[in-house]
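Below you'll find the structure I mean.
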Amino acid sequence: MGVMRLGYVHTRVTDLDDARRHYGDTLGMKAVHTEADRVYFKAWDEFDHHSVVVEEGGVGLVKMGYKVATSDDLDLFERRAQQFGCLTERMSRGDNVGIGDGVRIVLPSEHVLELYNEAEYLGSEVGLVNPAPFPRHLVGVGVPRIDHCLVTAEDPDTLERFFSEVLDFRAAERVVEDLDGGGLLGSWMSCTTTPHDIAFIKGPNGKLHHFAYELSDWYAIKNAGAIFTMDDVPVDVGPTQHGITRGETVYFFDPAGNRNEVFSGGYAVFPDTPTKTWTVDQLGTGIFYIGRELSERFTSVLT
Amino acid sequence: MGVMRLGYVHTRVTDLDDARRHYGDTLGMKAVHTEADRVYFKAWDEFDHHSVVVEEGGVGLVKMGYKVATSDDLDLFERRAQQFGCLTERMSRGDNVGIGDGVRIVLPSEHVLELYNEAEYLGSEVGLVNPAPFPRHLVGVGVPRIDHCLVTAEDPDTLERFFSEVLDFRAAERVVEDLDGGGLLGSWMSCTTTPHDIAFIKGPNGKLHHFAYELSDWYAIKNAGAIFTMDDVPVDVGPTQHGITRGETVYFFDPAGNRNEVFSGGYAVFPDTPTKTWTVDQLGTGIFYIGRELSERFTSVLT
Amino acid sequence: MGVMRLGYVHTRVTDLDDARRHYGDTLGMKAVHTEADRVYFKAWDEFDHHSVVVEEGGVGLVKMGYKVATSDDLDLFERRAQQFGCLTERMSRGDNVGIGDGVRIVLPSEHVLELYNEAEYLGSEVGLVNPAPFPRHLVGVGVPRIDHCLVTAEDPDTLERFFSEVLDFRAAERVVEDLDGGGLLGSWMSCTTTPHDIAFIKGPNGKLHHFAYELSDWYAIKNAGAIFTMDDVPVDVGPTQHGITRGETVYFFDPAGNRNEVFSGGYAVFPDTPTKTWTVDQLGTGIFYIGRELSERFTSVLT
Amino acid sequence: MGVMRLGYVHTRVTDLDDARRHYGDTLGMKAVHTEADRVYFKAWDEFDHHSVVVEEGGVGLVKMGYKVATSDDLDLFERRAQQFGCLTERMSRGDNVGIGDGVRIVLPSEHVLELYNEAEYLGSEVGLVNPAPFPRHLVGVGVPRIDHCLVTAEDPDTLERFFSEVLDFRAAERVVEDLDGGGLLGSWMSCTTTPHDIAFIKGPNGKLHHFAYELSDWYAIKNAGAIFTMDDVPVDVGPTQHGITRGETVYFFDPAGNRNEVFSGGYAVFPDTPTKTWTVDQLGTGIFYIGRELSERFTSVLT
């Protein structure tokens, strides 16, 4: 079966109380576990133990966890990653609270990726019997689930090859310098029917551009944007529509400065859906279809 | 890789000109091929040769085509289907215009299912280079793609077992008489990250309840409903929201009486997402979350 | 200046606690005043003391209050009403809690209409300085304000003449038996730029068909519908779109059986906007543009 | 009755063919009359002869027309304007094609305002009998009607006093330097139930910031934004939501550089609705509630 989805994002934050207000009160995630230096959050439509971990001390991405279907997948992906030349190590149940055994891989882009196939089951907030479409009493934005990460890499070609050859992801959309496919500047890659489960653009290794939550629709995007203002959350860009993925979006920052996104829409991507290509002169339109411009802040702030 | 998606629906219609107006002018599909007794249609965001075939002479479902990833999948699914006790036969490139070799299976519910892994490539209407999110000049409703079928089966248990054991589908939601899982009345099954690629409810074998198009959002659903009135398309139910799948919907009929649906939204289903269960006393709420009632027409009109 | 808007609706309910749950917890109005047998509610974007009064003991409309701009308007409308042949009486500050002096008129349809030009000011929940577009913590549906009433009248012609000649309302849309204007079956009349501040259809005198709240948009309509199901509020019709007014709607019942509506959209009506006419054979389409059918319940349940 | 609404906007453009493509093909207005140096356009839900006139030769606002209810209103407003100290002159039927007699007033801000009470009736595109909620075949964005103008004035206080004392407009929202009301920087004024029929901000006399079209909702706003990109229309800001008026918006430029807006939503304003006040430090939030920032371009480009 392979990789099922992005399971968790673990980031550093400068202040745990600020993070609790942001991820808890504003985004509406539930703090499911707390330690001295970190808090674990779960969104209402997720079933596993947590999807976001914030750890006090700085800013930026600690690691991303992707859940695979079986332990055989772990073995397969470990072997392939080693063959690809990546450093890997085994991780054990409990190395991450609520997460089972797994494989830790240092990506060609120096990001740490963890694969695992088991997590403690907490269940969603609407239950499994005659479930309501959303919880009756949502908190703040009320994000249902995390969706994807976008990171930067000095060598996007190699990272794309890694996700394709090792993890069986497919590129839904690519930004290139040459229409023949050369000069890869960014790739939006998928292991599901959604247009991106991981994305990366050319930039320094090891950095996070943003991680994203899926919302139900364009109205929820606007509503989220208004709540960000009420809660003094800095908004970076949006609401607007992407060219790449066609998704609707607002980008914003957590109190530590990590960029988050709320995202809705996007089209269905199947294994035989041909890859779309954006030329670098249309990068602004690809990223923001309506405004067609990238701000300095959007391209330069990484954590 | 297995089954990728619903590829085509082939139905009977009483009049080809009426069908051309409906699937062409109202829904906005493009007639890509015409024969004396049938027309082949493609939606704007689809790449393969066609997704809907209408054949003059009566009403009802002729067959459904699901596209698989590889020819190995064809072999595997053929073998499994035979082991399951189904009648199968090989079909050859051109048996269906624009469709490659494949396997034809008579389901336990007497529906005909065709599996194939190749189709003539026509491309979408927005292209692959710097694509717009939708065509500048949409026709009518402007449906982007077909999404799923809902059929009836005398023995839903066996049909669910077929889709699970033979084709690796998973049940996203089920309606049962008993909460322990007994007395299956309907199952919504998925081979993608969307909540249903096939669904069936208890009823006579071989019948079609509806097939569905995916629209972008709740606003497009309303817009479609208004266009149906302008074009004298009979509306069955909606706009409303499903409990099962959480999707937004309008049901309507083609001029021959085959039920169609426009559908948007729905949540992401992953291989480890637990199956949701609806009890039969909440069937109305499961099907139409807001109205909570099933009309006689909705439950009894099948083609 | 004349009539400014519908100011309050006063209805009978069978149980005050049930009504408090409905108008308070589900619709999100604030109980601003309570007496032994009645509760006064205000919506978040209203400024005056209350807009809904529920009084224990039965079901149905007690009276409607429309706010006028000046005390001169009271005198003018009183005089005109008397000339029209209506029974009128003066009411004094405090006859209705929080409401100033006014004129009570028994309409030709036997409904009681109160005109007043002063009300106790409580203010909206977002304030007047740098106001947010909606309160940060909405309750339930979170209705912003009441919008209009639809009542029944044995003689719609006379009632339309009353609202036109006495209160300077204009008919935005009319349903007629004959296209020359004869056989009036319903009229949607406006004293603002919205398409209806009062509406009435042919039926028994003195009865209420529904009163309505304005919501922001089609998404809020769907969201309200889902909350109605979560809170066991019976839904009558919708979500759907009206032909008449073009508004989006869900009809539902309070626990006593009074029909409420949440409404959004509609077009701008100016004093020179020509009246639209619906022929009786298109009544279903006029009322529900997409479904084009009126249910027995929708046409017969009045309180 | 007084002023009913903004009736027409007359602007200069650098090229008539470009303007025809913009106002015709992209916005979907109909060219109802053409002269050597100008084109008259009407939107689909408007009844009068035209609402936009483009005149070749430069850029910027020639004049605005507001329609009043009666010829008595013309007399009254002429007298009041003269008393206010404004230069006025009578205009005759045909001075503007399709427009009746009227009064031309030079505003304290040096803009030319024309009042008239009659216009040639062309009718809307959905008719008056059993009308559809929108035309079956919309062109481009398909704007239904014009809504308001925003102009600049060296002395906003005097201009606000003019619209209040002469034309009976009310300020729905104001931006001030001091919370006691001093230092007026902008005023959004209404003669209808919508939050602005005219608005102005401090700036050079005689200039246009933008004129606006009303769209049905937030989805139509996004759709418009995407069409602007397809048609190479420069987008200034948006889609986003205003704090002031709560409306949803995209700002864009016509080929001559005149700023246009598509606008939806906003709240109902009644004669007794208290004026909202924004402090200058929250100006960014007032104008763009989500982004909270004004760009150099947005504040400085005037025509």
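So that you can tell them apart, the chains are marked A, B, C and D in the order they are listed, and the count of residues begins at 1 in each.
The rule we apply is simple: a contact is a pair of C-beta atoms (placed from the backbone, for glycine too) under 8 Å apart; a residue touches a chain by one contact, two chains touch by 3 or more.
Since we're looking at a predicted model, the values are computed, not measured.
Looking at chain C and chain D, the chains that touch each of them are A, B. In summary, the pair chain A and chain D forms a contact in which both copies contribute largely the same residue numbers, shared numbers making up over half of all those used. Computed from the mean C-alpha positions, the centre of chain A lies at a distance of 47 Å from the centre of chain C. Separation between the centroids of chain A and chain D, computed from CA atoms only, is 43 Å.
Here the CA centre of chain A is 31 Å from the CA centre of chain B. Each of the following residues of chain A touches two or more other chains: 132-133, 217-219, 226, 229, 241, 285, 289. Within the complex formed with chain B, the chain A residues making contact are 1, 4-5, 45, 47, 67, 69, 123, 128-133, 144-145, 179, 192-194, 214, 216-219, 241, 243, 246, 265, 267-268, 270-279, 282, 285-286, 289. If you check the complex, the residues on chain A that touch chain C are 132-134, 136, 217, 219-220, 226-227, 229-231.
Against chain C, the residues of chain B that register as touching in their complex are 218-219, 222, 225-226, 228-229, 235, 238-241, 248, 250, 285, 289-292.
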